[in-house]
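Shared between the two complexes below is subunit A, which has subunit B as its partner in the first and subunit C in the second.
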Partner chain A sequence: MKYFMLIWAGLWRKKTRTVLTMLSIVVAFLLFGLLQGINQGIKAGLGDTGNNRLWTTARMSAVSSMPAALMVRMQTVKGVRTIAHLSFFGGYFQDAKNALPAFATNVDKLAVVYPELNITPAQIAAMQTTRPGALIGRPLAKKYGWKIGDKIPVGTTIWTNNDGSNNWAFDIVGIFDPTPQFERSPLGSAFWINYAYWDEARKFDNHRVHQFIVQVDNPAQAAVISSAIDKMSENSPDETRTQTENAALQSQLKQLADINFIANSIVGAVMFTLLFLTANTMMQSVRERIPELAVLKTLGFSGGTVSTLVLVESLMLCLFAAAVGLVLSAGAMKAVGSVLGPTRLPGIVIAAGLVIAVALAIISGLPPAFRAQRLNIVDALAGR
Partner chain B sequence: MSTLVSLNNVVKRYQRGKQSVEVLHGVNLSIEQGEFLALMGPSGSGKTTLLNLIAGLDQPTEGEVTVAGERIDKMSGGKLAKWRARHIGFVFQFYNLLPVLTAARNVEVPLLLTNLSSSKRKQNVRAVLELVGLADRATHKPGELSGGQQQRVSIARALVADPTLLVCDEPTGDLDRENAEEILKLLQTLNREQGKTIIMVTHDPLAADHASRTLHVDKGRLGDTPVRSAA
Partner chain C sequence: MSALTQIAAVSAMNIRSLPQRIGTSSVVVIGIAGVVAVLISVLAMSTGLIRTLQKTGPDSRAIVVRTGSSAELVSVLMNDAALAIADSAGIKKGSDGRPLASPETLLIMNISKKDGADASAPFRGLTQDGFAVHPEIKITSGRVFQAGVTEMIVGKSAQRLYKGLDVGSQIKLRSATWTVVGTFESGGSGRESELIADKQTLNSAYQRGNGGQSVWVVLDPQGGLQTFKDAITTNPQLQVDVSTEKDFGTRQSAQISKILEIVAYVVGGIMAIGAIFGALNTMYSAVSTRSREIATLRAIGFGPVPVVVSVFVEALLLALIGGSVGALIAWLLFNGHSVDTLVGGFGGQLIFDLAVTPWLVALGIIWACVIGVIGGLFPAIRAARLPVATALRAV
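Here is the complex of A and B:
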């Protein structure tokens, strides 16, 4: 601690250079925190959901439909508890720009397989008594200011009804309040309509659905059950593909972009560049202070003490700037997270960031520290 | 008086590229406790090399160097560093103060190697700055001080740990006559009133006049007898 004044003095010998180097480290760790935070947050989010849910879609494509009757046969597979299904209605409200996350489903079963949606028995009953009814998530209701009793006109470019028109209308019979985790998911803010009503009213693709959500008794049996379900339609025109909800979501995300790979690549490149920058700064700083370090050694500081001073200086520079970067990224996560998902910087990212900062400090501080230790006093004082 | 510094047949060779250059050729020297010795000689004569060997900054190729009763010619780097901290106060020609530290902080640096408390260190720093007449400049950084004042800070730094031996390498080499005279008088006072043993390398015969003994170094050899001896 008594050497702090020497370390502090060394650090601020060239203020501009130190500030610029710190800023580079701050920006790098801000980027690190933000990218890894979102990446880890998404992973953690996926890890929390759907442990006992399987998604069954058409093997050909997730947007192809399958016979709704498959559900009856699937229900016979050992370990299957409940099956809900959904079909993409899509559609828009007033203008094609106002796309709606509208799905047709069997609401009573949906409420069972997705307890996170908090659909109440009264809402299920309301849907069953009002065939053109719609159940909507609170976020969607807030967005458009809809309330129970409103009749919502919904346009679609896909689904023609039996009248030959593309205009549909649904009565809002309930507004559900999903868990915070589901609030930002498409299911949590969806516009749910009765499958039975919609299937009767549409002109084509009747008696078919886009996806089954299978709730199983034991998540450990997921692979066996998936295989058994897919075997039922093997070699038929409607082969299925069943996977856990997590795996399905991850593969959907990967279709969009491999966030993990992108985050790791960017952070890796930034850290690699930062290593050279910090190492160069430390080398330059020590090179300029060779006579001062020689004076310290003349006064009786050992080679080990002088090299430790240099290493601690590097540690202070990197750790302080990295901590600032991580704090800023935690703040940025709150702002950006509401759009992208996670809002808190995970502890693992903070810990990893600090470990990287220490590694960065040691790797960039070791060569100049070694040089300071080996410094020949006579040569250094003579300027050789 | 007892012998503080003893050099016995000291040889120093430097390797310059492929060439081996012998700078000191079998030097024998004895310095008594309380002496103020001036080492004079032309550039390249080996006087700074001799000073570095006595101060434990360098080690001889051959021969023995004994200072304050300890053989320092075979000491390891770490041991020698500790020995320097305990026995040597060094004054440089160009002061070599740490530019970002105040005068008081610069003077405090050697005390960091001791077990003194922060308040005791500050007390010692204040006392030694008063001794060199710079108590009112304690919070000034080297850049805010004149050359003479910087050299006084440098002397205060050399004195603060109460070393056995004060080693000065051209302490007035970068100063004008007036400032040089003040520094030399200060060294003389430290020698006469505090009993400090001082070895000073200088080109300047007027500076050497302040010493109690002057020796000439020429081409790596000491003159057989002192060229002059002053009271």
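Here is the complex of A and C:
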């Protein structure tokens, strides 16, 4: 610690260079935090919530329908607690460009299976009394400025109703406030309508649903229950496929793009560039100071101390800049995260960032430190 | 000496001394190469995607879907609607005098990729007229499916990506077992990601009745899109939208290519800022190592302009090398590299090749030059302002 001022002075010997080096490290760690943060955040968002929920969809594909009657038989499987179902209504508000995430469901069960949606008993009762009712998440209500009591016209390209028209209308009977994690999920921002009403009113595909959400007593039994459910429809025209919610979400994400690969390759490219840059600057800085280091050695500093000084200087530079970069990326996550989902920089990313910063400091500081230790005083003072 | 010869002389001297500063100079080269490589790679993804979705067969092909359908998959067209569309004016007649219209069914199938991951493959049903409307579909091995039997042909990209689609093999997709009887190419369009079978067979295998999702037509070159559009929009029986294949493809790719572009420009932009700092650092140190030399030049009568220009020339040269290296890396690694992603509007997994086009390379080089110019600007000003006497005294 007593050499702090010495290291400090060494660091600021060339202000422009130090500031510029620092800024490029800051930028690199900003990118690192942002990319890895979003990457990890999406993974963590899938997290540990959905383990006691199984998703059953048609084996053909998640957008095909299955008989609603399957639910009665699924309920008999041991370990199954509650089953909710949902059907994709799609639809749009006013213009086909304003897609509306509307789903038909059995609301009473949905509220049990997804407590995260915070649907109240009063809202369930309201849905049961108003058949063409709709429950909407707070985010959706905010987006269009809808209030309870509003009648919302909904257009659709798929579902013709019994009047032969494609125009539907629903009354908003409740606005629920999902947990922050669910606020941005498709379920939390959905437009929920009564399945019973909708199924009677539509012209085709009646008595069929797109997805069952099965709440189980014990997540450990998920695999057994899944295969029991899928066995029931085996070799029928409506084979099902049951996975835990996490597995289903993960495979959906994987189909989208290999985000992991993209984030890692970019970070790899950034880190390589950065390492090169910092190592270069550190070596150059030491090279220029060789006569000064020789003076230090003449004054009695040991080779080890001089090389430690050089190494600590590099550590200070890298750690400080990395910390600033990570703080900035945490701020940036808050700003852009609202679009992408996760908003907090996960601890693991911060830890990984700091480890990388230390590694960077050591790799770029070691060669000059080594050189400082081996310095021949006479040659160095003579400028040879 | 004229100003130009001065500039040439100083710049040449400067560049000749570059090898002595190879370490610091390579910072600019590598930094810029990284930026350009990332920028070009991500944009190549978006370009490849757009290219695949917009690839059109005959110039004048149009697709008809139910009003308001943003994608083929969410459209529903019953048989009577399909027949009414085929009867409308403005459709080109085939050699047999019948209109070139192809009602099609599109389903999504869960299928395993070769690496075991799940994917959603588009499964299309075509009638016998389908091949006349899509003449670009060419069988490359095996034969066409027969109506009434569960046979299918698979696109070249689909065959590469999914498990068990070799010609002759059988694959169970939900309750039906299909025999792969052929492979096809379609000039790199989205069709190559699909499985294709006879429409009626597909419909009955999956209880689809006689409906479908869309009708593809070849427009009569005389009336063009407008005649056909007028004919079907004035028909009270029909509630449909029509667009040319190209417009439809553009709309499908719009969202995802926009996301990719944002990623490319945001990440590339942040990296570029980092590279600018690196370039500034390098150029400042280049100026400071050469300060005695610059001062000497100034003392013997060289003006400040040649000095400034020489620093610029050096920065630009390094940037150009870096940009070219980055573009080369992106091209070597990714051009023609096949990726697949779930495209909302397309309906299923779309397989496409990354495309590093000359325009992208040019864009990369432009970015490199901008970074080089900004990185060279301030050091060049410092070089020009160097107090001659002080610089000469400094040892």
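In this text, the second predicted complex is superposed on the first by the 383 of 384 C-alpha atoms of A that agree within 3 Å, B and C clash if a C-alpha of one lies under 4 Å from a C-alpha of the other, contacts with A are read in each partner's own complex, and residues count from 1 in each chain.
One rule holds in what follows: contacts are C-beta pairs under 8 Å (C-beta built on N, C-alpha and C of every residue); 3 or more make two chains touch, one makes a residue touch a chain.
The shown structure was predicted, so the numbers you read here are calculated from the model rather than taken from an experiment.
Overlaying the two complexes via subunit A leaves subunit B and subunit C side by side, clear of any clash. Within the superposed three-chain model, A:152 lies out of touch with both subunit B and subunit C [touch as defined at top]. Using the contact criterion defined above for the overlaid structures, shared-chain residue A:5 touches subunit B, although it does not reach subunit C. In the superposition on chain A, A:16 makes contact with subunit C only, while subunit B stays out of contact range. Between subunit B and subunit C, more residues of subunit A are touched by C.
Shared-chain residue A:96: touches subunit C; no touch with subunit B. Once the two structures are overlaid on chain A, subunit A sits at the apex of an angle of 90° toward subunit B and subunit C, using CA centres and rounding to a multiple of 10. Once the two complexes are laid over each other on the shared chain, residue contacts for A:360 go to neither subunit B nor subunit C. Superposition on the common chain places the nearest Cα atoms of subunit B and subunit C 9 Å from each other.
The interface of subunit A with subunit B does not overlap its interface with subunit C at any residue. By the touch criterion stated above, subunit A contacts subunit C in their complex at residues 16-17, 20-21, 23-24, 27-28, 30-31, 34-35, 58-64, 90, 92, 96, 99, 155-158, 166, 235-239, 241, 251-252, 254-257, 262, 266, 269-270, 272-274, 276-277, 280-281, 283-284. Against subunit B, the residues of subunit A that register as touching in their complex are 2-3, 5-6, 9-10, 12-13, 291-292, 295-304, 377-378, 381. Residues of subunit B touching subunit A in their complex: 52, 55, 57-58, 77-78, 81-86, 88, 90, 92, 96, 98-101, 105, 108-110, 112-113, 118, 157.
Touching subunit A in their complex are the following residues of subunit C: 23-24, 26-27, 30-31, 33-34, 37-38, 42, 65-70, 73-76, 107-110, 117-120, 173-175, 206-207, 239, 263, 267, 270-271, 273-275, 277-278, 280-281, 284-285, 339, 341-342, 349.
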